[in-house]
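Same chain, two partners: chain A is paired with chain B first, then with chain C.
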Partner chain A sequence: MMDIPFWSREIETAERSRIEQIQLERLRDTIGWALKTNLYRRRLTQVGIGSPDDVKSLADLRRIPFTTKDDLRVSFPKGHLAVGMTDVIRVHSSSGTTGIPTVIYYARQDLDNWTDLLARSIVATGATSSDIFQNMMTYGLFTGGLGLHYGAERVGLTVIPIGGGNTKRQIQVMKDFQTTVVHVTPSYLLHIHSKLGEEGIELKDLALRKAFIGAEPHSENTRRKLQDLMRIDAYNSYGLSELNGPGVAFECVCKKDMHVWEDAFIVEIIDPQTGEVLPDGQEGEVVLTNVVRRATPILRYRTRDLAFLHPQGCDCGRTHRRLSRILGRTDDMLIINGVNVFPSQIEEKIMKIPEVATNYQIHVDKKGALDRLTVKVEIYPKLFLGEVSKLEALKHRIVEELKASITISPGVELHEPGSLPVYEGKAKRVVDERPKD
Partner chain B sequence: MKITQISVFLENRKGRLYDVCSLLGAHGVNIRALTIAETESFGVLRIVVDKSEAAIKLLRENQFVANFTDVVAIEVPDQPGGLASILKILSEHDVNIEYMYGFVEKFSDKALLVMRFEDTDFAQQVLAKQKIHVVTEKEIEGL
Partner chain C sequence: MAKQLTIFVENRAGRLKAISENLHKHRIDIRAFTIQDRGDYGLLRLIVDKPNDAYLALADVGCACALKDVLAVSVPDQPGNFHKLTSALAAEGINIRDAYGFVLQPHKTGICCMEIEPPQLAKAAQVARQVGFTVLEDEELYTL
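Showing the complex of A and B:
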């Protein structure tokens, strides 16, 4: 039996009944906060929940309607905020399905709770205060960078807050500081591996032994490949910005899917068509309720992620149920190198540019280990005056417009009118040629 | 005297230049001068033809994105330093050239160049004053 490390052993190994008791207490508190928001006040009273006391058992959760990303868009900017701005100490936001982003506010205790869940996650993988942690996720409004950053500091790892991109520098820093743990998307770590040779660096020059991988879907084969190539252990991570960010679920040393921290999140798997709650073991849409967040309480959030819960316990002794890796999406969201992109965001921008026609195509493929997004548009004939510089400027403008909305720089291709495929009925705008392994 | 250049937008697709040339050829349009401005993902074909009105109509009917641009065709002495002598005059008069290219054939012992100027009218005044022969549409049709 291997030595199992814990951050909060008591809660991580608590009896099921104890976890449910905590969930119920915290759900009641959360209902109290939710009732202060414009988003939930009417929704809750309509189903007969006018105060925390109206929630008698966890089964009452099912009376509450689901929350969708669109609900958060409609509530923009503060319809879902339960406290005054004086009590808010941080904001994060993620892409909405249109130009309106999804915003989450954090009170001091929200950040404290989130940090603690990440400390718990990091320790569950066996990382310790003697590790050197290079955080390769993007910092900023995206939650991936800052979330792990604070969690790692709390555990006492040496944090290198390098952020995303700049592969040359990443490799140099990994060597200089003898980094032992990285937080990264699987595709970016594969990309780094492919560039080691160019930098004249061999694996023996590095000290890497663990990777926390997340923010994009990947198969077990990809994880194995990553582990074999880099000679490391890779641990899956799950989270979404609406529910704090990373730290919703994390793999332990057993690496057999991710423990959902159930004292902080109530997880349900539903049939995405009917909304019916499914038993453990069945694949469906993940629905999450954060029961420890005050500033932005979110009840029964439909993640659009497809996964299942393992019915049985884990060899590590944790009682918190394990969530499978994400098996798909119920919507058309694209994940490009860990960044979530909705085709509707791209369409909204394209339609506002008079020099291009209304037919367009979104093309996704791989260039080496990384994803590549290309937006193909048709130029509008009347606005073609024969000058290359004008066309280049147009291309540049489209890139900038799209970048402002989706945060990443897509490739843009200009095409002749009528050259992109036209569909009768529902257009097939997205062509995803990334290999499915 | 300005002449008409036709610009055709070409997306980066195999055979697109052939499509333009074979269409024009099949309808008896003769290309007198030609150049391609290329970028990473698309190109712009620039041509001077003997029947420009007919050619652009034909191109547009066949779904090509095409438009007219005013250019000036100039005779240049076909000898070492011939082009430099013209460029010197233009430079001294602050006439900016956006791009230029050569004709496929010549109709005298001089070389023919197509020039696109930032300010076409001003460029023409300078050229006229310096008695540099500017080729007319008629002359091109007669080539």
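Showing the complex of A and C:
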């Protein structure tokens, strides 16, 4: 029997009834905070919830309407904020489906709770305070970097806050500090592996033994490939900025899908068409309610991620249910090297540029291990002046506009008017040629 | 001034053919052409006998094309003449943004087509004439 490490053994292995009791208490608190927000005050009173006491059991959660990303956009900037800015100590935001970002505010207690869930997640993988942790996720408004950073510090790992990108330096630092754990997207770790030779570094020069992989969907085969190539254990991680960021669900040493920390999140799987709640084992859209966040309470958030919950327990002894890997999306969101990109964001930017005609195509493929985004636009003939410098300036402008909006630099291709296929609807304008496995 | 037709062309098989086909259909005679390669696309520059007709023929089918004035200078095909021309323009601080040449009759006449910033174009023509070159106007160039 393997030795199972815990951060909070009591809560992680609590009886189902105990977990539900905690969920109900915390849901009531959360309703109290939600009633302070413009977003939820009317929604809740309309369904007869005017105070926390109106929630008698967990079943009452189903009376509450779902929250969508659009609701959070409409609430921008503070319609979903439950406390004064004096009590807010951190802001994170993610891209909206168009120009308006989704903003999440954290009070001190919220960050403390989030950090604790990450400490729990890290310990569940068997990492300890003697590990050297190189955090390769982007720091900043994106939650991936800072979330794991504070969790790892709390457990006592040695944190190297290197952030994303700069492969040469990542490899050098892995060697110099004898990094044992990395937090990374699967595609970037594969990319790093492909560059080891160029840097004259062999696996025996490194001390890596674990990777926390997240921010982009990947198959079990990709995980195996990563583990075999790097001779490590790779643990899947799940989270989204609307629900704190990473640390919603994490794999334990068993590596058989991710425990949702159910004392902090109420997870439901619904039929995305009807909204009906589905039983464990059935695939549907993941809906999450964070019951430990005060500044930005979010109830029944539709993640648009498709997955299922395992009905049975786990060999590790944890009672918190396990969520499958993400099997797909109910919307057209693209994940490019771990960054969420909506085609509508791209459309909004390029359609503002007069020299671009109305037709465009978003093309995604792989270059080596990494995703590559190319935006193909048709030039508008009436504004064509026959000058290379103007065309190159146009390309540059498109890159800059998109970089500011989606945070990644796309390739831009200029095409002749009328040469790209004509489609209705933005989804069909996306050509994704990344191999499915 | 002489007119040059510039056409935006994607860099893939068959695109030039589509343009040449259209020009041929409209009985356009090509006197000279050059292509500026930019990777995913290129600019095809043409000197043709009927620039306006060619422009309309292509614009009608949705091509991105533009007519612009260029400085077309007839240069005797002998050593040192191109240098003489560029020196005269340089002395006046005139920048040649882009240029290409073609020989009309070997050892007799060459033509140098130059893209010059519009504010400097008239001055450039004057300078070329001053040092003894012939600047070709529309008709002269196309009926060579």
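Just so we're on the same page, the second predicted complex is superposed on the first by the 433 of 437 C-alpha atoms of A that agree within 3 Å, B and C clash if a C-alpha of one lies under 4 Å from a C-alpha of the other, contacts with A are read in each partner's own complex, and residues count from 1 in each chain.
The criterion applied here is as follows: a contact is a pair of C-beta atoms (placed from the backbone, for glycine too) under 8 Å apart; a residue touches a chain by one contact, two chains touch by 3 or more.
For clarity, every value in this text was computed on a predicted model and none was experimentally measured.
Engineer: Have a look at where A:165 lands relative to chain B and chain C in the superposition and call it first, second, both or neither.
Structural biologist: neither
Engineer: In the overlay, answer first, second, both or neither for which of chain B and chain C A:279 touches.
Structural biologist: Touch partners of A:279: none, neither chain B nor chain C.
Engineer: May I ask you to decide whether A:391 touches chain B, chain C, both, or neither, giving the answer as first, second, both or neither?
Structural biologist: So A:391 meets both chain B and chain C here.
Engineer: Tell me which partner A:311 touches in the superposition: chain B (first), chain C (second), both or neither.
Structural biologist: neither
Engineer: Just checking: does A:419 make contact with chain B only, chain C only, both, or neither of them? Give me first, second, both or neither.
Structural biologist: It touches chain B and chain C both.
Engineer: For A:379, select first, second, both or neither according to whether it touches chain B, chain C, the two together, or no partner.
Structural biologist: both
Engineer: Residue overlap on chain A between the chain B contact set and the chain C contact set?
Structural biologist: 379, 381, 384-388, 391-392, 413-419
Engineer: Note which residues of chain B are touching chain A in the complex, please.
Structural biologist: That would be residues 5, 7, 9-13, 37, 39, 41-42, 44, 46, 60, 63-69 of chain B.
Engineer: In the complex, go through chain A and note every residue touching chain B.
Structural biologist: Residues 379, 381, 384-388, 391-392, 395, 411-419 of chain A touch chain B in their complex.
Engineer: Considering the complex alone, what residue numbers of chain C touch chain A?
Structural biologist: The contact residues of chain C facing chain A are 4, 6, 8-10, 15, 36, 38, 40-41, 43, 59, 62-68, 98.
Engineer: Can you tell me which positions in chain A touch chain C when the two form their complex?
Structural biologist: 379-381, 384-388, 391-392, 413-419
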